[in-house]
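Notes follow the structure.
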């Protein structure tokens, strides 16, 4: 016997009815490792952190992040970086500039040639990291020091993320058409649902009759 | 969609006594200043455990909450409703993804959370153990359950944990569509043909009792609750949320000429509080502990999805992969 | 321009997408990983949205409104290929179908965006980007799973073998094939099929899957003119279940 559900989709799953043995606990990494996603809302604006996805590799992470983070709001580009490849500074207090509190250690590993790094700043706790810019460096600590002189001077910065540019998968110019119709999908916008007229009409027609 | 009302077993309050007083003071001062806590900050164990439990239950409520309305995905009438119903249920799965991620930043893996959901160890919002008999039931869920969830989520978005607030901000933005969509569908039914009106009234009658339990029983005020409120983990009492919900939505139900199946329901003009028949908390407890009309099916579906998808995940598992908690 | 020929083309485009959109939507809540669940649902919404766009063009040519056309016809009035009406099966079958279907769909959209029939060209140009994502999604998954474990490769290979007779019938010729080609509406089914073979072969070559000898496969024709499997009518009944409670009501 299989389970008959009110949901025809569930009925078609042919679920066994009755007791089943307990499920084995999920093994580690059953849901894959994590990648962090950044989106660009509008041409020319800074990429902003939107959240993580679980994925087996960066190509699949891109497919996932595109739908999870860019289906509901305008988007012109998407960046993906493996969580493991992002180096994070300690968090400062709001109104503090974390660059002022960091000890710039000598790097343990240094590449021969300077290479580009992407720098992300968090301006206030609870908000999202945004892209501050790109620096050339031979190590993560050097990239952080470069970032301090390039963009670290003004205003509070409570946290910094540093990632090598080569570790960031960036959507290409020709991918932009994947997002062009997003703003037209009105059926998932609150603004598409206007029922005041119907309610008013209903109330008009069903006024309690007043005593003569 | 989550009411936050079913946090029963609390972490032992004694735990706080063993925390480092200097760190605790700094932590509490940060919250008092209105700053958010971020994942790598020091935090009391009680704070971490309570948040994991709360966010995890919220995530489970989204993924299981996708099922009652999912019942009507293939049958939604007409293009407009079909596309919206699909998008709405999809959003709930999306919310689960966001919330599991927020809980992960506190140190519990998604694997462990899903295991605990399927084994029944970890709970989800009790209302989803009730069936959506007709299309009208699905409309009532879209409107009123989401409305209740928004009351709760708007409050929690102001809480102190950064990743949870960020997730909730996005979730609330998306739920604005759910609420309007649900209301729109209910209004169409209530002002439509006699058959439609009959369907929507019947669905409201079925869903009212579960809706009244959505925010959970009255909070027992204890030092524990006070601590969680001071730490901005619990942002509003269950009764406050329920009253706010009734204030906002009962008039909207009545203006459609629908009746709420509770003869005692009325607003006391002197106290400003709604009076109602006390919900059946015994049934609530029985259902939450597994004995509801749909508990078994909900978990069986979730389990089947996990089991039948296992080969996909096994196939793509990179042996060199290393799990790192999401950053924020 | 022969209006019957255009309508014939529009019906097959719209019906394919309506039915596949419904099948894809069945995955919502049941996907192999949360993120994939979300992606499949988006594609389902896109497909149904595309069918609506084509039914709207039909309405402009004098056919009934999209809701009536989509939700009140019987199986023998549907022009979809049988491929899209088959039950979802497990994820391997749904994925293979998605791969075979969308690689053909993108070619149609590319051709139709250049169509001499302007209303179609406009719709195809606008929606092409969405189909592009569908193809990227399908190809990425096939490349990943198709060169992974023995279990995954076996599943995909068997689904591929099962789906191919139906997939080849997507290219069943229209009654108006030559007219559509001559009028520059699009290059016709043979041309779509040739390009499709090239593209799916290129992806399959990057995996451990094998494309069977197509000459030995008998395509399951008939779908374009109302011949369907036993799976379509129950799906249509389900789609219309609520709508039919009161077809004149506003839902």
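Going in written order, the chains are labelled A, B and C, and every chain counts its residues from 1.
FYI, a residue touches a chain if its C-beta (ideal position, glycine included) is under 8 Å from a C-beta of that chain, and two chains touch if they have at least 3 such contacts.
All values derive from a computational prediction rather than experimental measurement.
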| item | value |
| --- | --- |
| A-B against A-C, pair bridged by the larger set of C-beta contacts | A-B |
| Far-end chain from chain C, centres as C-alpha averages | B |
| Distance from the mean Cα position of chain C to that of chain B, given in whole angstrom | 37 |
| Centroid spacing, where centroids are CA-atom means, of chain A and chain B in whole angstrom | 22 |
| Where chain A and chain C are represented by their mean Cα positions, the distance between them in whole Å | 31 |
| Residues of chain B touching at least two other chains | 67, 70, 72-75, 83, 87, 94, 97, 188, 301, 304, 310, 313, 316 |
| Junction residues of chain A - those touching two or more other chains | 8-9, 13, 31-32, 53-54, 56-57, 60, 68, 185 |
| Junction residues of chain C - those touching two or more other chains | 26, 30, 33-36, 38, 42, 45, 49, 144, 238 |
| Residues of chain B defined as touching chain A within the complex | 30, 33, 35-38, 40-41, 67, 70-75, 80, 83-84, 87-88, 91, 94, 97-98, 101, 104, 109-112, 114-115, 118-119, 131-133, 162, 165-167, 173-174, 176-177, 179-181, 183-184, 187-188, 190-191, 255-257, 297, 300-301, 303-304, 306-307, 310, 313, 316-318, 321-328 |
| Of chain A, residues touching chain B in the complex | 3, 5-10, 13, 15-16, 20, 22-23, 25-34, 36, 49, 51-54, 56-57, 60, 68, 72, 83-84, 86, 88, 90-91, 93-94, 125-129, 159, 161, 185, 187-195, 198-199, 201-203, 206 |
| Partner chain C, residues of chain A touching it in the complex | 8-9, 12-13, 31-32, 53-57, 59-60, 63-64, 66-68, 71, 176-181, 185 |
| Residues of chain C that touch chain B when the two form their complex | 22, 25-26, 28-38, 41-42, 44-45, 48-49, 52, 66-67, 70-71, 90-91, 144-145, 148-149, 151-152, 155, 235, 238-239, 241-243, 245-246, 248-251 |
| Residues of chain B that touch chain C when the two form their complex | 63, 66-67, 70, 72-79, 81-83, 86-87, 89-90, 93-94, 96-97, 100, 135, 185, 188-189, 192-193, 195-196, 301, 304-305, 308-316 |
